[in-house]
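Please see the structure below; I have some questions.
Letters A, B, C, D and E mark the chains in the order given here, with residues in each chain numbered from 1 onward.
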Amino acid sequence: MTIFGYKLPGMSSLILWALIWEIVGQTGWTFFIPPLSEVIGTLIDVIGTPAFLKAIYETAYAFLAGVFFAVVIGIPVGILIGKSRLLDELILPWVNIFLSAPLTALVPVLMVLFGFGMKSIIITTTLFAIWIIILNSRAGVKQINRSLVDMARSFGASPLDAFFKIYFWAALPEILGGVRIGVIRAVKGVIIGQLLISIVGFGALFELYSNNFMMSHFWAVLIVLFALAFSLSEFLAYLERRVSYYASSR
Amino acid sequence: MDTAVSVLNVTKNYGDVEALRDLSLDFPRGQLTSLLGPSGCGKTTLLKIIAGLLEPTAGNIEIDGKQITGPGEDRAFVFQDFALLPWANVLRNVSFGLELRGVAKSEREAIAEKYINNVGLTGFEKSYPHELSGGMRQRVGLARALSVDSKVLLLDEPFSAVDEQNRRKFQEDMLELVRNENKTFIFVTHSIEEAVYVSDQIAILLPRPSRVSEIIRPKGFRSAGVENIRRSKEYLDIVDQIWASLRNYVE
Amino acid sequence: MDTAVSVLNVTKNYGDVEALRDLSLDFPRGQLTSLLGPSGCGKTTLLKIIAGLLEPTAGNIEIDGKQITGPGEDRAFVFQDFALLPWANVLRNVSFGLELRGVAKSEREAIAEKYINNVGLTGFEKSYPHELSGGMRQRVGLARALSVDSKVLLLDEPFSAVDEQNRRKFQEDMLELVRNENKTFIFVTHSIEEAVYVSDQIAILLPRPSRVSEIIRPKGFRSAGVENIRRSKEYLDIVDQIWASLRNYVE
Amino acid sequence: MNRSLFLKLLSAFIVFGTWELAGRIPVSYAFPTFFESMQALFAMTMDGSIFVAYAETLKPLTLGVAISAVSGIGLGLWIGLSSRFEWLFSPIFIVMQAAPLAALIPILVMAYGIGLTSKVFVVCIMAMPVIVLNTASAVRNTPTSIKDMGRSFLATDRDVILKIIIPAASPVIFSGLRLGISAGFIGAILSELKITPTGVGDIITYSRSIADYPSMYAAIFSIIVLAVLFLNGLERVENYLFEGNNRGYVSD
Amino acid sequence: YAAKLKIALAETPSDELAAFFVALDRARANGLDYEWTAFSDEELAIQAVLSGQMNIGFGTPYSAMQRSKAPIRIIFQLSKLKFFPVTSKKYNDLKDLDGEPILLHSRGGGTDSIANVIEDKIGIKFGKRSYVPGSSNRVVALVGGQTDATIIDLSNKNKVVKKFPDKFNVLPMFEVDSSDEALFANLDWIKENEEQVGIFVDALVSVWRDMHRDPTIISKETNPDGPIGQLPKEILAELDGFYTDAVAGGLYDPNGGGRKAAAADMEWYSAAGQLTGDPSTLNIEDFWYLAPLDAAMKK
């Protein structure tokens, strides 16, 4: 957005929201929402503690691994089911099922299959992020301009060439949109995994703080989490803008 | 006569729509054959079948006597709707055919550069398709097909959006390729004049379901030169003759 | 003379690319004006500016003496790239202009039906754009523009993909609209012959940055009838004259 | 029998077969076989308890999903169209999307109590962000050439949105909608697990606490079936509304 | 040879688990090698032990023992079902709750059975029961005015009393001996690892006994680098207070529960609907494995 001809950076509206938060907190409307300044103070206090650093490490590790798998599996699967009727008919119903399965319900099965460690948490994270990536890639591929596919084939593109040079790029705006949303969901996924499976990392902190009504600690962790989500989402939004030049002229 | 491409009893249905019915046609090597026919009669369909992009419902295609099973290096296609990669600039688009054939980057860009120059787009190498005019886009597609140097060229209304000046240049270039490099052209156009001027053989197609109704082999006009041909009586006669027969079939 | 549309000192830059520079041109009411110029010279740009789709960098457009501020009911556009709605069938696409003007469904479909028939697409009302051939798509775009019955029609290479037979029919239809309904046509084509045959006035544009280099008012050919005109000496002379001047400017 | 149905049945057979086998090994005492679960489901159907439960669960679910779908698409359009609005509101949805809902439930309970309102809120928080964000990015990618066409035929802003942008964006909007709605299902269950166990959530918690795993799996199974049926219905709607957008598969 | 003992907690380490971790530290000193994983609830911990991924779990898996026929046995009672009816100022006594709505954890859960027993003993009938899982969530509902009566655990009761000293009443409750949290394990595994189980139960009994003598030993013995020592200082500051209250309130049985607890459990969980069959006919040996506890008590 531009104000008086000056272009405001993307997330600068957060300052506005932070201000509202501070005001609400100061009014003491509810003890659940302490003023932002207090939260920041707490954050500065706790951020260097070993417990906090360990939680960040555990969370970041599970998150990054989960997103990695969601992306490298989700995009190819989405593209493949978008272009092939057979695969779509085979896989889409299951995508729908996993999509709508309450993950809490899958947790016991996951635990049985993968144990309680990092592995299950990573898988939960992946399960949160992957479906939107698959569905968006599929949607992107389904509206591909057929002439491009024909063109690539007529110039002798191998299936791999077609995949990387045509389908991927043609669907890229949708894929990036999907990855962006998937990544944000993964943030939630990693926390839910840490709450549902074994209580470690940020999940453990949330549980601890909210059980003990330590609201400013609670919000401090949330802020760190949101910062993570925002910076990733902004980075991906930047990539999206990089492809917007052709997104609307496909 | 040496046949480069033969279409043997090809039928093509799209669901209920019968586009081609039992169509057979030979394309002699080193010659230019034009396909003339009403809009929607199945010219693009036929070209795509020859290119190996569509499966015919019945019949088959032979190239050098061998039945085709799909697209091949021996054929290059110029698409009616250009089919440019919107995310790639002109240079990448033109060199894309070579890229798919595994030509090294520096080499394929040098070749692409040459063809970009040929179609008059020097200076636009870094532009993206959405920054080009219709005719410029069409020329990008043309340059891409020419750059892969295939033996058979399938051109689907390749000059429809370019100006007269460019069109004449491309016609000459095309004729030169036929003459000097023994390439086989299969050329779709709606301009009877153009067909008469450039073709060794003109196949007139019936409206859907399409078959070949007539094959005409105009000759001797090229030597006269573009400038004068329009005033030549034989030329005008043959144009009128084709026009008459096209109109007949349509009505 | 009564001027329907005037272009006053219009300049248009796309970033660094200067497409139009200080271009002025009048379009007389109830006449057909053709724009002829090399590919990429800015014809589409000019049409879009007249249509109110693009803002000129400088200068302005007047219609009936009033400066325009955006698109209006008085103008209808045929797009070079057809611009069909891929999710809508032919009937919906053709009636889309009327739909946007709030015409009731049964009425607009009746009108659309008529124009679909006019452009020879009867039987394809329920087909989607991706099931049509290139020329058929173009005709859908044509029917859509005709159906809204605007006073000024902006046609960007409207016949480039249709066959000779249809092209001649559309030319006659267009001339009839000029004659009987006093419509004003602004017509982009690359065919000098076509321009000479249908136009009251031909504006020849220079290559980018574009200005009008010459205005030619061919006359008297229409009465002779399409069949004979191609053999008329005056016709051929004027075509040659335009060709010569186009070629001059390009080189 | 048509091919598509056959494939569906085949893949269902494989998956349920694997389930049955896994239950028989058994992989865990807490993992019932497919048939046991189906028996439990049958029993619940016969005594009607499942219908009573769904009558309860569907209230927040349908309400929340309806609110999210309508206002989610509306907000998404707005965000996609106006950079000012995007600047102001897209952070909210990113926050909502990333917020660990389970941890926030106390706040909801505090603000909206333990009744229907907070459950509807949970469903909305789950369902809305993905609908909003997907719609917004789809709107930004609408082809310029047909937007121009619309404008030249005098489309009002409303026309452009309803007749050009929405249909053009519909594949991506619908994929967001699908995801949002299924997230809504999860939200409904989550709210019944975390706020107050009623309806299907109650069957799940209760049978879990008495270690009646077949009933627990039966309840979960039923909600998944419902969600899948609903999503298939949604796909039908999409294909019906925007038939021409379905250009089939490249593989055909 | 002794593999690492894998313990499944049913909640995150917090003040209530401090004593347990002190016992773990003592056991380690005696050569027990262990690791722990925190699960979000008891059911998950039970499932983890059932499927053999964890050795020892937290919770009261009576219905799982009866239904799944898995050879699971309880070896130690960690804490008793100490729950507190907390209400707004509207009510002063359990009798006042006759016909009144009440907020509980979940259908068939611990607080639900407490409500059943209250009804039995006091001779009242609660009105509509609604459910909100999690004591802290019920506190929120109470504070937020969503309910006037609920039943919560000791730690949350203390927080309510401290934060809102005169807004709520804690109603007097009768004694309950049955278990809230117990340690359980697979019988086959116990038999294979008698020695480890022995060390562990010994340590627990010793801490539980010491704690009864002096509740502050918990905070003194807490390892500052362990999971409890890492908790925020606000929580650590409460440890002494919490354990003093807990010991005074009889939350912990210095004898590890044993037969008395087992008998109470049979009674209680039958009443709560988690066990089927007449409580007097149920065989304690099918639910408890008492050998390690008996051995420890002799020391």
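Please note the rule applied: a contact is a pair of C-beta atoms (placed from the backbone, for glycine too) under 8 Å apart; a residue touches a chain by one contact, two chains touch by 3 or more.
Source: prediction; values computed, not measured.
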Using the contact definition stated above, find the chains touching both chain C and chain D. none
For the chain pairs A-B and A-D, which is connected through the larger number of C-beta pairs in contact? A-D
Enter the angle, 0 to 180° in steps of 5, of the rotation superposing CA atoms of chain B on those of chain C. 180
Rounded to a whole Å, what is the gap between the Cα centroids of chain B and chain D? 50
Where the centres are mean C-alpha positions, what is the separation of chain B from chain C, in Å? 26
Chain-centre distance (mean CA atoms) for chain A and chain E, in whole Å, is 37
Multi-partner residues of chain B (each touching 2 or more other chains): 81, 130
Where in chain D do residues touch at least two different other chains? 27-28, 30-31, 106, 110-111, 144-145, 193, 245, 247
Two-or-more-chain contact residues of chain A, please, as numbers and ranges. 108, 112, 146, 195, 207, 210, 249-250
According to the definition of touch, which chains form touching pairs? A-B, A-D, A-E, B-C, C-D, D-E
Quick check: in the complex, which residue numbers of chain B touch chain A? 48, 51-53, 70-73, 75-77, 79, 81-83, 85-88, 96-97, 99-101, 128-130, 144, 148
Over in the complex, which chain E residues touch chain D? Could you list them? 43, 46-47, 50-52, 61, 63-64, 66-68, 70, 103, 106-109, 130-134, 136-137, 140-141, 143-144, 146-147, 273-274
Which stretch or stretches of chain D touch chain E in the complex? 27-31, 105-106, 109-111, 113-114, 193-198, 202, 205-206, 208-213
What residues of chain A sit close enough to touch chain D in their complex? 1, 8, 10-14, 16-17, 30, 32-33, 82-86, 88-90, 93-94, 96-97, 99-105, 108-109, 112-113, 131-132, 135-136, 138-144, 146, 149, 173-174, 177-178, 180-181, 184-185, 187-188, 191-192, 195, 202-203, 206-207, 210, 218, 222, 225-226, 228-230, 233, 240, 244, 247-250
Taking the complex as given, what residues does chain A use to touch chain E? 46, 49-51, 107-108, 111-112, 115-116, 195-200, 204, 207-214, 217
